[in-house]
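Which chain is which? They are A, B, C and D, in the order written, and residues in each are numbered from 1.
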Amino acid sequence: MIDICDLAVGQSRQLYGREIASERRDHRLVEQWHPLGVVGIISAFNFPVAVPGWGWAIALVCGDTIVWKPSSLTPLISIAAQQIFHEVTAGTEAEGVFSLVIGRGGTVGEALLSDDRVPLIQATGSCAVGERVSAAVGKRSGRAILELGGNNAVIVLDDADLKLALRAIVFGSVGTAGQRCTSTRRLILQRGIATRFLEQVVAAYRTVRIGDPLDEKTLMGPLVSQEAVDDYRKGLVEIQRQGGKLVYGGRVLEDRAGYFVEPAIVRSRVDMPIVREEIFAPILHVFEVDSLGEAIEVNNAVPQGLSSGLFTTNLNAAERWLSAAGSDCGIANVNAGTSGAEIGGAFGGEKATGGGRQAGSDAWKGYMRRQTCTINYGDDLPLAQGVAFPVD
Amino acid sequence: MIDICDLAVGQSRQLYGREIASERRDHRLVEQWHPLGVVGIISAFNFPVAVPGWGWAIALVCGDTIVWKPSSLTPLISIAAQQIFHEVTAGTEAEGVFSLVIGRGGTVGEALLSDDRVPLIQATGSCAVGERVSAAVGKRSGRAILELGGNNAVIVLDDADLKLALRAIVFGSVGTAGQRCTSTRRLILQRGIATRFLEQVVAAYRTVRIGDPLDEKTLMGPLVSQEAVDDYRKGLVEIQRQGGKLVYGGRVLEDRAGYFVEPAIVRSRVDMPIVREEIFAPILHVFEVDSLGEAIEVNNAVPQGLSSGLFTTNLNAAERWLSAAGSDCGIANVNAGTSGAEIGGAFGGEKATGGGRQAGSDAWKGYMRRQTCTINYGDDLPLAQGVAFPVD
Amino acid sequence: MIDICDLAVGQSRQLYGREIASERRDHRLVEQWHPLGVVGIISAFNFPVAVPGWGWAIALVCGDTIVWKPSSLTPLISIAAQQIFHEVTAGTEAEGVFSLVIGRGGTVGEALLSDDRVPLIQATGSCAVGERVSAAVGKRSGRAILELGGNNAVIVLDDADLKLALRAIVFGSVGTAGQRCTSTRRLILQRGIATRFLEQVVAAYRTVRIGDPLDEKTLMGPLVSQEAVDDYRKGLVEIQRQGGKLVYGGRVLEDRAGYFVEPAIVRSRVDMPIVREEIFAPILHVFEVDSLGEAIEVNNAVPQGLSSGLFTTNLNAAERWLSAAGSDCGIANVNAGTSGAEIGGAFGGEKATGGGRQAGSDAWKGYMRRQTCTINYGDDLPLAQGVAFPVD
Amino acid sequence: MIDICDLAVGQSRQLYGREIASERRDHRLVEQWHPLGVVGIISAFNFPVAVPGWGWAIALVCGDTIVWKPSSLTPLISIAAQQIFHEVTAGTEAEGVFSLVIGRGGTVGEALLSDDRVPLIQATGSCAVGERVSAAVGKRSGRAILELGGNNAVIVLDDADLKLALRAIVFGSVGTAGQRCTSTRRLILQRGIATRFLEQVVAAYRTVRIGDPLDEKTLMGPLVSQEAVDDYRKGLVEIQRQGGKLVYGGRVLEDRAGYFVEPAIVRSRVDMPIVREEIFAPILHVFEVDSLGEAIEVNNAVPQGLSSGLFTTNLNAAERWLSAAGSDCGIANVNAGTSGAEIGGAFGGEKATGGGRQAGSDAWKGYMRRQTCTINYGDDLPLAQGVAFPVD
């Protein structure tokens, strides 16, 4: 009996050896990644350091160098950030790998977009910015990593923990005065709790202190510019023209210095065209639905696809929301709002949001080039498709 | 303005080029995987083809050859399986890579375990088998992939869908006459539904048709041998001696030819030593608990760690069950039972179950050897820890 | 002594338990991938099944459905391919997931490109095709996976195995009459072997039998159309106008029915603008260089970046070629030519070749959408940036 | 024509929707990783901080806690290292996750090995230590990550860059007085350069300054203990008894305080049993071979499989060395020696070296437990193997 085992192992060993030694093994196939070169980073005013910083970190780790064009609204913090970088790298091999150019998008930005020596542009901004980047870079066979507009919704089901939901929604819609790409812009309420919960939201809005953002007691600061105030005002006018009903807020606080406005809540209809647009200000559309299925349809009915959140205590509802038939956004949360991002997760959105991922997961691949290599170390050269080629 | 951008890009490009060309890049670090050699596969009677088949498939894809020692209770199906393999591979390069040795574990098995030419043993069996494999292979610096005993529990919370739970539990405890490594052996009921649900289980047990496993109407076939019948009988005696109460079944069906027994249900206490053992027969221990926390404690209180299932409709309960503070098993399901395995998932268990994974995920790594390579292609050789070594 | 160890383990165990049970663990961060929807596949005449077939396979495995628009030059094989697919899937759940539309690119193609319901277009074709796809799809926030033109070079160093190199080059430049995206179009010879080796190439070209591609003795068949013949003729005229010298071939075989031409070899200069263009016909540019460094510069000096090969026996040369300072192509081989692709490797190219990967590695990610999910299962909701938000 | 495309896309879209909505999607399969618990780390004297430090880092990142038992020869540095850790973590959540126990292996070590609350032991040491760990941990179904003895060889082919090779070999064999697991213990020379190169090695050995390791001019310090000196002496006697010829060194420097010895070079035969053993002292065996094939055989002919290096300028030789038919070690270098390890690469060896990886690649998986989860969120429960089970 033992002899049979000995025989079987011996024979197997021999076959294995033949396999290993066979000429079929005379090439090696490998995939590797190389740095891309110069990465152009175009960033927005609202996260003047954090979001471009994701790009810096990945680009530098990948062996790329950087030319950064920050928002022309935030020159000082950009200079300060670069200065810190320079202090750390001065005298090291990394000295000079991080350049800063400041100026209006129409000149500096366009120059960067069309520069052949910059194989990759990472851009954060509105969908309009994205379209310009995409066209300019596409024309010269460059690459773009885009994080564009969001139009983020929170759904609250009848069985939700309303206290959790309230906290997340008010923070998401009012925080940073609605000037985050992940700000909550749409609230989708299941009918059973809709009226009651909306009252709670309004009550919470009433307590929001508006003022100096450096004051700890302040919950909501100003908009960034007069242009933003105008967009807010025009947006509310248009919403009401299309049939939306103002539930709370809506006034520009003209008596105060700075660009202060009230956060606004409006009851809107899904078929109002303006619901499909991102207004970069604290305006929250409210919708009422009958079921999770209808809520998902409303969530997915806008062009953007950045962030989204569902509040429920029910396992099956949560799983359906996270399934292929659920949210179509790049970020889909359960019992957490839309605003902000979990560190370590891939950040970015689908559809008109641009599809880019600037952090998390394998985002680094966007900052490198992939190379597939076959190394033949045999005496023969097998041809593709097994063709026999009599050149001898 | 444009000139500044041009300058910045130009400089960045130059720095990038310097980086790429620098001598710091004169080595390449790579990880690769090679086949191991001959893999010995020891399989059990209850899955005579499916489970060793996972190993065959991975081993062959990895470039290994195979010596298979099936259970001595299932020689014919093993010969048939190998025959099919031979028919497919005859005349190809794969001919002969798959050997079969049949015999009692005490002779053939031991010869295989101690054979230096077999770097890896994949074994399925009891914890006792695992200990023998582990000791024999360890002595000669070999590797073992073990899938040993299970002692699998299902938890049913008060808020569960009882119809789903019932179906999963009866299939898991009665199916294959309790002779699967993933058979349900312990049932943990939250107090609110315990009495009512146990009645449903007993009612379902009453309808189970025992008989010829080839008859479509049969739900439960025989045990595999007289030894298994004896283990069943002794197990029930010992359970009752330790304080367990028989709720249903427990008889050996001696009037029938073959090794038929009734499926048994017992109310047991967590501190009964026999609860920690796997009896390879259709015996189901029932426990009552107050909370999810207590249920998890009971689930984790046995040496084995193969499979486990929780029935609940509550999201938070499901998430806690799947968290690091939840089930300590290799398989943890929600609203699904313990019996069987989702194709594509890594299959295997923790603790006394042996820790091996024979399928799914990166199980293939167990069948190969990893190699870390540094290829220096420069004219200089940096030494470890930056030591300067004046050999010139 | 033992008491200290016991104490240490006990304390550590307790700390570990505290960690596990702590409220910091009350959320789960996960990344998942969902199917995209309908994938539009646009394929070229030269690989009427193999290349679109990569896309079908990935798309279907990813849970997408397909609308395939093949080249209008190859309708019959497309219908035949779809028919086989239908025979296999009839009556199964996969029935109907694979649609075929045939027609000129200007109508059918454009309709597909601009269809909002098709989130992804996979296209194979010239750089001009790629630009149209890119623009049309970009406008509607769709995705494109592009595999466009190649302009592939082989480098032969003085120390190369010339027999291997000859075989690879002739197959790569003459095979399929130069109508592969991976056809060898440029030959870069190190000065030491340049004259001698070019003579061998010419001698090999003389033996190439041109004729019916279904005849086993034929090495080179016809071009695909009169348009292709015209491109070949005009290309050679322009090459010579820019300073290239015809070394071999160049005639259109007008006496034969069908679109037969001779394969052509020309000595060209790197600064000739036409060298930067892909002519889809059997024309091989030859350059002479002094060093590996110069050879890499020539290789990288064209807009396209699909495939490339280096012939050498020297380890350091091979490693430099494969380093970040070496080939800038998506495929970089050593002692293997440009034509064809190793199965399993990611296939596609950089720069004007479009950057897409239609097979191998993690190409599947292009056919799915990524989703980052945070599931909160605690009683509290931590806000982004640790903001304290007094809504209670 | 366009209508056909519209129809095709519409139908495909519908099919895709059906797919997404279908009940086949009512479960989710996921793999996750949880912390293991308390990790016991047993470290050796020669890397008193770096090697256990790999384990600390991974274990803590993985959410485990640590009980560290350093070599009883290095208590002070261990206390100092823990002290730094405590200073950093005091008052944070990480306080107390890192315990230290010091004592002889026979008491403290055994207590740790047999402690059921420590699911994983990471151990660095001799093969004898590994056997003890493996047996003790195996008995209680624990896990071990082992990095045991090395017996590392460098091969120098006729075409090698001898200057590079010399530097690597002398550093590898003499550095740290041969007291690294990766020290070079065997030198395999191809016949063409054997005599000449060995002379260069001997000449380099003559220049090695032995003395105080804190003196910058010192290249080789003392052995660690009188026991190590005895092993060195006995090893050399036994080597010569088995037929080895002393080429250089071999004396214990008894006139100096401390455990100083000369580095030794011996010409040995492959069939000498002592060549298969690791002597933890600066003794270098030299062998002569005819070919790469023979060199690989000699390299692989020992029980250990940690590190190995080949010096060559030939691409094919390098590739064969790195192929499945080449080195059987966990580390295989080209034009780099055996001593030390590239940061980021998986560190560890095959065969009697124990198979563990304590750093690099996916080494973290050894410090966590894998869990495969199926979450069913449908109203039905598909049973394994498609069994129909009439419990209703």
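Simple rule for what comes next: a residue touches a chain if its C-beta (ideal position, glycine included) is under 8 Å from a C-beta of that chain, and two chains touch if they have at least 3 such contacts.
Note that this is a predicted model, so its numbers are computed, not measured.
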Statement: Shared touching partners of chain C and chain D are A, B
Field: Comparison of B-C and A-C by number of C-beta pairs in contact, larger one
entry: A-C
Separation of chain A from chain C, taking each centre as the mean of its C-alpha atoms, in whole Å: 28
- prompt: Quick one: chain B and chain C, Cα centre-to-centre, how many Å?
  reply: 40
Field: Interface hub residues of chain A, defined as touching at least two other chains
entry: 20, 35, 63, 315-316, 318, 322-324, 334-335, 375, 377
Query: Residues of chain C touching chain B in their complex?
result: 20-21, 25, 28, 315-316, 319-320, 322-325, 375, 377-378
Statement: Given the complex, residues on chain A that touch chain B span 1-2, 4-6, 8-13, 15-16, 19-20, 22, 24, 30, 35, 37-38, 40, 63-67, 69, 93, 96-97, 99-101, 103, 107-108, 111-112, 115, 117-118, 312-316, 318, 334-335
Chain C - residues contacting chain A, complex: 27, 29, 31-32, 34-35, 63, 119, 127, 131, 134-135, 138-139, 141, 143, 161, 163-164, 166-168, 170-171, 175, 204, 207, 219, 303, 318, 322-324, 327-337, 339-342, 344-347, 350-352, 354-355, 357, 360-362, 369-377, 379-381, 383-385, 387, 389-392
